[in-house]
Amino acid sequence: MSSSFLFNQFMGGLTTAMFLFLIASGLSLVFGVMRVINFAHGSFYMIGAYLAWQVVDWVHPTGGEFWIAAIGAALGVGLLGAVTERVFFRTLYGREELYQLLFTYALVLILGDAAKFLWGVGQLSVSTPPVLSGSVTMFGTTQPLYTLFIIAIGPAIAFALWLGLNRTGTGRMVRAAQMDREMLAALGANVSIIYTGMFALSAFLAGLSGALVTPIQSIVPGMDVLIIVQAFIVVVIGGMGSLWGTFWGSVIYGQVLSFGILILPGFSLFSVFALMAVILIVRPWGLFGRPL
Amino acid sequence: MLEISDISKSFAGFRAVSGVSLTVDTQQITAVIGPNGAGKSTLFNLISGQLRPDAGSVRLDGQDITGVPPHRICRMGIGRSFQRTNIFPQLTVFENVQAAFLVHHGHGRDFWARAEALYRDDTAALLAAVGLAGHEDTIAGTLAYGNQKQLELGIALASEPKVLLLDEPTAGMSASETHETIALIERIARERRLTLLFTEHDMAVVFSIAQQIAVMHQGRIIADGSPTAVRADPEVRRVYLGERP
Amino acid sequence: MNATVAAPAPPSRAAAAAPAEYRTVASRIPWVLIVFVIMATVPWVGTRYDTFLAGQIVIDALFAVSLNLLLGTTGLVSFGHVAYFGVGAYVCGILMKTYELPFIVAFPAAGLGAALFALISGYFCVRLIKLYFAMLTLAFSQIVWAVAYKWNDVTGGDQGLPEIPYPDLDWMSAIPGCADLSDGARFYLLSLVLVAVSLAVVHRIVRSPFGRVLTTVRDNPDRAAFLGVNVRLYQLAAFVIAGGLAGLAGALYGIFSRGVFTDYVFWSKSAEILIMTILGGAGFFWGPPVGAAVLVWLNQIVTDYTQYWSFVLGAILLVLLFGFPGGIVGGIVMLWRRLKRLRNA
């Protein structure tokens, strides 16, 4: 096993990790503030991918269409998230968590079929933006530029989120809402705007990651279901509600998946779920989370 | 009957209860009073097994029950009511008390009998004793607050406790409700020969029925004795009334 | 820690405890017996396809009732109940196909195997609070799925175990009227009887003191501890019983569908059963079977017209959540009560 092969695996793991981080960060955010697991998060991701393809389809190839598509998709999904929260989710807040969870699952069902209806059941794809379509030699391996871009964007977004949460007034309120929302409401803060905002932001991130994944993966029905389970695992490992937990959880997950195949071929599927179970048994709030 | 020795409990550095010792004699009515945050609820949680003390011991009738989990402490004879009403909201009033009887008499492992047929007379009698006759089929969660408190008392009594811990039994009640509740509690304690340990904020209640009063402040007991002695205690006056010694 | 009951119980739960009058009226009409007889006549009265649907309903009913032992009775929300269904299906399938053991051995073995797995996984799950409990049940269920997917030698991997044989049902020719029935129809009748017996047992358990204790654990675990209930032990017991029953349902399903495949163990099936349970009404014993019947029947109708069954299911779920949290049975009960009030007014 040469070092270049290992490096390749490592980079593959990192790419997976950063994609997952982009998706899971939204899931973790919503959980931290609203204490709800959004099953539909994977659906937002999928809609983001489809929307990106759609925008590219509308905007005749002019060279910069990928970036327009990515932002457009992210904004579109963000809007979808905001509307969903305002119109539906809001009425479920007082109720039992099970109902909220089932609502998000109903969204999964509805959005899944909506996507099939709008875009059919075939595979769609989007080409890599020309500015990133080359590759670079590193450590004896060829790394596509797009991969490096994704690996770079992960920490960038993590940092941006961290800045937002820790250095702005809004961020402070969000963190307060994470700890004690009743108190925050009592203090007069507009908690409902925070909720809508957080949900919209999380949807935005999911949509963005869906859009960004299109050059690497084909857009197919079922990608929502496949991704949400992985996002869960990541969030459990890192700690629900913790930004850096999600980040490092993604990194760990990415590498376990990447190297697990080498050590125990055929067991990587099993090992990620086993890892999730072990974390829940031993330290349910994850590596960086706080006991609820 | 109940002997608490030098018990302490800290939460992340904050000493909630610190070196508390208290003896409650059989069939005596003892009140634990003190300002909010004095550690009264924590003390109760330590006695009833919800929390393990960091140090010290609790003895019931000579037997060491320190750190024993709640479901076993209950069987040893300690019953408890809680500050915020703790009943089974989806069951009917009747089923609430009946469940207590079922568990107390060890029927929990019975997979075959029909639960609704057991202990019907006992349940009806106890409901009447706590003043809830006529409410049997009401769903407990829809009861008025005062009635829920009565139900809670009923559930606690069904387990035939020797010692009853009551955490602010008259919280949130009007003056007349308080009077009724206290009369009820006192009568029941007498009839069933219970040892009573309760916390209260209503001083009229405390001084009317307590035979022994323990005053807590910042996790410690600062006075312990008869009502007259406690009333005159300078430390107590300082804490409650801000008087200079 | 302490439960606050200042607000009245949410509608689904308030509907759960049926008022005294409802009980006496319902007990005058032997609904259950009537339904059982109707179900039993399907092989003669209906088409082969009807028998297939009826079988699906019967097995799903058992599966959903087992879930409701956790959800409605004990208050445990499991997202991974399909794990035990799957274990049961695979154990029975493997024993009957690979080892050629008779049904009478494989069937109980499936239940025991599922119960054993429930014991091990449940031991860890009940230690966790609500949310983590749900996640861990999901994790275990996906572990079962991953094992089924990869362990080619034993489970057939992603190809599964096709062609599970029917049990030897020749003895049924002796029963009047059954001589002309196909193997499928005979197995349906056998399943109907087995499920009916299982449901009767669960019904007994739920109405027993043990079942009553479970409801106290559901309503207020801290208070239940204060009655003298070892809460974790009871939750684990409920988990094991529910798991075993799900395993039995799985065993029946494997034979009924003539094969055991990995998509039986995917978590979306857990969601389906959860929806079935809530659709029927989690607060009632017969809610889940009603939900099973309605969902299977609806699925049939809808998939005849459109491929967008998921959309319809999602829409139904939304209507349920926002309009009828008590489910179908809950809605019927409320309607009945309202009529009764009008009549008395």
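Here the chain labels run A, B and C in written order, and each chain numbers its own residues starting at 1.
The rule we apply is simple: a residue touches a chain if its C-beta (ideal position, glycine included) is under 8 Å from a C-beta of that chain, and two chains touch if they have at least 3 such contacts.
These figures come from a predicted structure and were not determined experimentally.
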Identity of the most central chain, Cα criterion = C
Quick one: name the chains whose C-beta contact count is the highest of any pair.
-> B-C
By CA centroid distance, what chain is farthest from chain A?
-> B
Cα centroid separation, chain B vs chain C, in Å, comes to 41
Separation of mean Cα positions, chain C and chain A [Å, integer] = 33
Centre-of-Cα separation between chain B and chain A, whole angstrom = 50
What residues of chain B sit close enough to touch chain C in their complex?
-> 48, 50, 69-72, 74-75, 79-80, 82-92, 95, 98-100, 102-104, 107-116, 118, 137, 139-142, 145, 148, 155-156, 158-159
Across the complex, what residues on chain C touch chain B?
-> 1-6, 8-9, 13-14, 16-17, 19-20, 204-205, 207-213, 215-216, 218-220, 222-231, 234
In the complex, chain A residues that touch chain C = 35, 37, 88, 91-92, 95-99, 101-103, 105-110, 112-114, 116-117, 225, 229, 232, 236, 266-267, 269-270, 273-274, 276-277, 280-281, 284, 292
Chain C residues touching chain A in their complex are 10, 77, 124, 127-132, 134-136, 138-140, 142-143, 146-147, 149-150, 267-268, 271, 274-275, 278, 307-311, 313-315, 317-318, 321-322, 325
